[in-house]
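To keep things clear, I will list the structure first and then write my remarks on it.
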Amino acid sequence: MTASLLMLQLLNGLQLGILLFLVAAGLTLVFGVMDFINLAHGAQYMLGAYLAASIGGALGSFWLGLLAALPLSLAFGLALEWLVFRHLYARDHLAQVLATFGVILVIDEGVRQLWGSAPLNVPQPEGFSGGITLMAGLTYPSFRLAIIVAGLAVAALMWLVVERSRLGMLIRAGASNAPMVRALGVDTGRLFLGVIGVGAMLAGFAGAMAGPVFAVVPGMGDQVLILAFVVIVIGGIGSIRGAFIAALAVGLVESLGRAMMPELMRLFLDAAPARQAGAAVASMLVYAVMAAVLAWRPAGLFPAARA
Amino acid sequence: MPEPILVLDKLEKHFGGLAVTQQVSLDLRPGEIHALIGPNGAGKTTLIHLVSGTLRPDAGRVLLDGRDVTRLSLPQRARLGLARSFQITCVIPGFSALENVALALQAGDGSSFRFFRAAHHEARLNDAARATLDEVGLGARATIPAGALSHGERRQLELAVAIATQPRLLLLDEPLAGAGPEETERLIGLLQRLKARCPILLVEHDMQAVFALADRISVLNQGQLIVTGSAAQIQAHPEVQTAYLGEDEFA
Amino acid sequence: MTRLLRPSLLLPLLALAALAAAPFLGFGDRFALTLLSRAMILGMAAVSLSLLVGGAGLASLGHAAMMGIGAYVVAALDLAGITEGAIAFPAAILAAAAFAGITGLVALRTSGVYFIMITLAFGQMLFFTLSALSALGGDDGYTLYGRNTFLGADILTPRLSFHFICLGLLAASWGLCAMLSRSRFGRVLRAARETPLRVEALGFSPFPYRLLAYVIAGGIAGLAGALLANAMEFVSPAVASWPRSAELLFMVVLGGVAQLPGALVGALAFVLLEEGLAHVMSAWKLVFGPLLVLAVIFLPGGLTGGLPWRRRKQERRADA
Amino acid sequence: MDRRSFLGAGASLLAMPAIIPAARAQSAAVKVAFVATLSGPAAALGVQLRDGWAAGVKHLGGKLGGLPVETLVIDDELKPETALTRVRAALDRDKVDFVVGVVFSNMLQAIFRPVTENETFLVTANAGPSTYAGRGCSPYFFTTAYQNDQPHATMGQVAQDFGYKRVFVLVPNYQAGKDAAAGFRSRFKGEVVDEVYVPLNQLDFANEVAKIAALKPDAVFTFMPGGLGVALVRQYRQAGLADIPFLSTFTVDEATLPAQREAALGFYTAATWAPDFANAQSQRFVQDFMADYNYVPGNYAAQAYDAASMIDSAVKAVGGKLSDKAGLRAAMEKADFTSLRGNFRVGRNHYPVQDFYLCKVVQRPDGKFATSTVRKVLSDDVDPYAGECRMRAT
């Protein structure tokens, strides 16, 4: 493996990690502040992709589609909160998991009824069709770089808000002790609504950005949801910092594992079985990493302090 | 003088840079109630945690019947006869009062890896549990789920659970907190009867109760043991008065 | 006698009686029996999961993996030419229990959501391993040419016989789990679910109790998996997929977490509802999904009834 | 689904509990259970299959062999147990005469024995695994598609004919993917520079694309059905690799092209049929299909259409006497119907003997994207397992 190929794989891992972070951030925020597990988060990601693709397609511009998808994702998140989520805050995690699983079924089927079963065409982002030469022999698609930059910007913004603002203080306090925040006279209902809305918008943003790169198909959210859960569990539930680090780690493990595992297996096996075994091991690598992390630190890498 | 049952030998505990327990040494002898007092934040609860095994000391030893148990966990110490009640009432809300006590009896009664008999039909455990409930004055409430008992009743149940394990010693963390005057009266009587059975290390804010109950009193302040002595000795001690200055409960 | 009239017991007893009578009440055709045996087999797995969720507070999202192991043991033995059920079934139970034991050693270090996720992780690892097993068809699956025999007797093939074997094993699993949760062992488990600190202060370490419960539940799920392989005469990694684990959890909650037999009622309701809806409309998930949501919101105690003390607890929390 | 039928379904749900045995409807109709994967990411293929069948039945005036048709559409949801339960319901409760459809081999595996042991005809319009082509062949099993190895072998032949020396092989890590790689190698004699297996749930092909760019092979052979193909084609194009010939099977077809569009232009695929086939039957099919469904039919639809024709010819041959299983079988073996593919007959193992073509993605005058025939690669091709089949006479 050459140095530039390795660089490329690293960039790919980074990009996948950033995308996972965008999905996981909303998930971990909602979990941390409201102690609420939202399985429908992956479906919200899918919805973002569909909205951006179909509106962008109708208007003939990817960026307009993205712009339209954000408020719609937000609105949809708020509607879900009002219809379903708020009846579940006082319930245990199991009830939340199951009710939001029901929401997934509805969204998946609804998307299929509205947009059909076939993969959706996604307009390519104007101005980001080519590649950028980073160094000799290393060209990288510019839209993927855009994903990385946008993800890092969102991460920085979230860090600023959560760590540096009064709102962030409330969010952090809410994560460790919701009754105390209520006692301070904060309207936790509105705080929760805001957090759900921001989470839904982040998921929609991630879906919209993933559209031109991945396939926009029914059920595309499930795969990402599981990976996002892996990320927040490794990072420690409720911790944005943990989600960021874990997302990058999972992205790199996914990417490098797939690249290296077959070669690694060739040390033990013949070429053909090594390739297949390598691929099989690579696909379970992130789960093995999660199990190992939890065996070592049962509450993830950066457990949020709870009162 | 009889051999002490519990010995704390120069216990130390730090949280970050803060020393919450410094060189604390004390002991508990058979038949006595040894009370631990001190202003808020003096490190009483930390000390209880160190004794029960939910926290590990940074230095020093805990001896139970002469045996070093410093490295043992909470369940391991419990099996050696250390019974503990909690500052926050810690009963099993879904179990009836009777079953709470029966579970405690079960702990001291052979293996709990028994799979084939309905536990709530074991007459021996149930009879003994009923007797224990009678002893703490909860006999009439045996079938009520613990979650439905009043605050004071849950305190009584905690005591019943603690003594049901037939402990070598009792570790009681504010057993009177939240109890009304009548309940307090009853609990004090109960504790007095209990100390004949096993010695008690008592953390309590209610000074009148402490002076009425305790054979010896130790005063903690800012993680340090100021003095150990009888009620009279303590009341006369100048440092104690400084430590409590302004604290109205030392009235 | 009045104990039998409680909804938590009455409903499942009625369900078992209905299952026993069903073949003679016009549900004796092969389709109805296929559907009912599938419901009973999933019911077995759900009951064992209920021992974990309701009994020990361990919500596993990897329970289908145990079923997968049981099913694949039957398939692997079939590949080796062994179709004797007296070998295959115990082997399936032991293999699933062993898998539970090994993964449980790690998984039980965690709790709550972390436990849900780590069991999911182990389930996914098994799923990918099964998908890569070329000898057993990889993810195309493996077709069994015939069901297991018992000491040479072909008792699993006749439809009625299979129906009553499933029913008998389901009742036995329920009985075993019920006995366990009422025993001293189960009392410690239940106590450790509610107030782990109290239990430790009494001198119990919850870990070995939980591990044993996890192993026993795994063994029962392995048995269910072996039965499923025989019912389908086909195994594929889908048996061990995580949506199946989620379905099992849902059956438990639908039936009522607090009541062990709730899982049985939940499994029957789930399978029949799903097939019934799918039969009348292709977009059945548009109805099924909202039903799930409504059931969770409005039936907090599940189909077999509420949990009085837990409601009180919630009220108390609301007061605080 | 329109609102009215939705409400109707709801009402009938209330009226009819799931497992009440349906009354046996009066006969004199051909009852068909049409099994396809209609939900999840792979549903587009099932939809093609279902619509192709409907188009075939429509051309036959809503009748098969003169008898009215009742089609029971079954969504297998890509779950073996679901497929099995629902197919068993169709066999036992609805007493269907034919089970048709089936997109994926693992769904076929799950239902194969119950259907054939019930002595009901199983006609697949897409899945054609090797399992039932050789020793596992059955008198009750037919396919109007192909044996799975054949399209991959066709691409191997193409690579060989083009004189490529170094080919990069990229397939998903499951049974069909392994078969695809083996099928390609069976006719390609050059060097396979790397053979990469990716997980079925892969999202991103960036790594593989990077590897291809680094190795600079003469061509790439890949088999990436459904959403995998959409992602791969897009990323292949984005990475500027389109100069490297893209040889594929089931990766660029009418089910995925609406999403791939320009990105797939000029990419190759192997097929038994393409929408630009010149024969009259085929042209009529494409025209009517597009009028009804507003998308371009692909191989899947064409094969399902042929399944309808085949069953029609068989029912006709026995004069509507559906209990005459031997007669039906003999008629289906004769394949006395006009296939959309022109040259089509049924081999001894009940798999077709037919021609295979190299096709290429083009943009049609109406702006839609479709595959277009380049040239015939294999003629009268018999699958490699047919020799092992000892068809039982029943």
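A, B, C and D are the chain letters, set down in written order, and residue numbers restart from 1 in every chain.
The definition used in the following text is that contacts are C-beta pairs under 8 Å (C-beta built on N, C-alpha and C of every residue); 3 or more make two chains touch, one makes a residue touch a chain.
Given the structure is predicted, the values throughout are model-derived calculations rather than measurements.
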By mean C-alpha position, what chain is farthest away from chain D? B
Consider the two chain pairs A-C and B-C; indicate the one with the greater count of contacting C-beta pairs. A-C
Give, as an integer number of Å, the spacing between the C-alpha centres of chain B and chain A. 49
Between chain B and chain C, what's the gap in Å when you average each chain's C-alpha atoms? 43
Taking each chain's centre as its mean C-alpha position, how far apart are chain B and chain D in Å? 74
Whole-Å gap between the CA centroids of chain A and chain C: 31
Residues of chain D engaged with two or more neighbouring chains: 1, 38-39, 173, 178, 199
For chain C, which residues are shared contacts with two or more other chains? 128, 131-132, 134, 283, 285
What are the residue numbers in chain A that touch two or more other chains? 108-109, 112-113, 276, 279-280, 283
Sort out which chains touch which and give me every pair. A-C, A-D, B-C, C-D
Can you list the chain C residues touching chain B in their complex? 179-180, 182-188, 190-191, 194-195, 197-205, 209, 212, 308-310, 312-313
With touch defined as at the start, can you tell me which chain D residues reach chain A in the complex? 1, 38-41, 43-44, 46-47, 173, 178, 195-199, 201-204, 206-207, 210-211, 214, 226-231, 234-235, 238-240, 255-256, 258-261, 295
Chain C - residues contacting chain D, complex: 26-27, 29-32, 34-36, 38, 128, 131-132, 134, 137-141, 143, 228, 232-234, 236, 238-239, 272-273, 275-283, 285, 287
Residue numbers on chain B that touch chain C, as the complex places them: 52, 73-76, 78-79, 83-84, 86, 90-95, 99, 102-104, 106-108, 111-120, 122, 145, 147-148, 161, 165
Quick check: in the complex, which residue numbers of chain D touch chain C? 1, 6, 9-10, 12-13, 16-21, 38-39, 73, 75, 79-82, 84-86, 88-89, 91-93, 105-106, 109-110, 112-114, 129, 131, 173-176, 178, 199-200
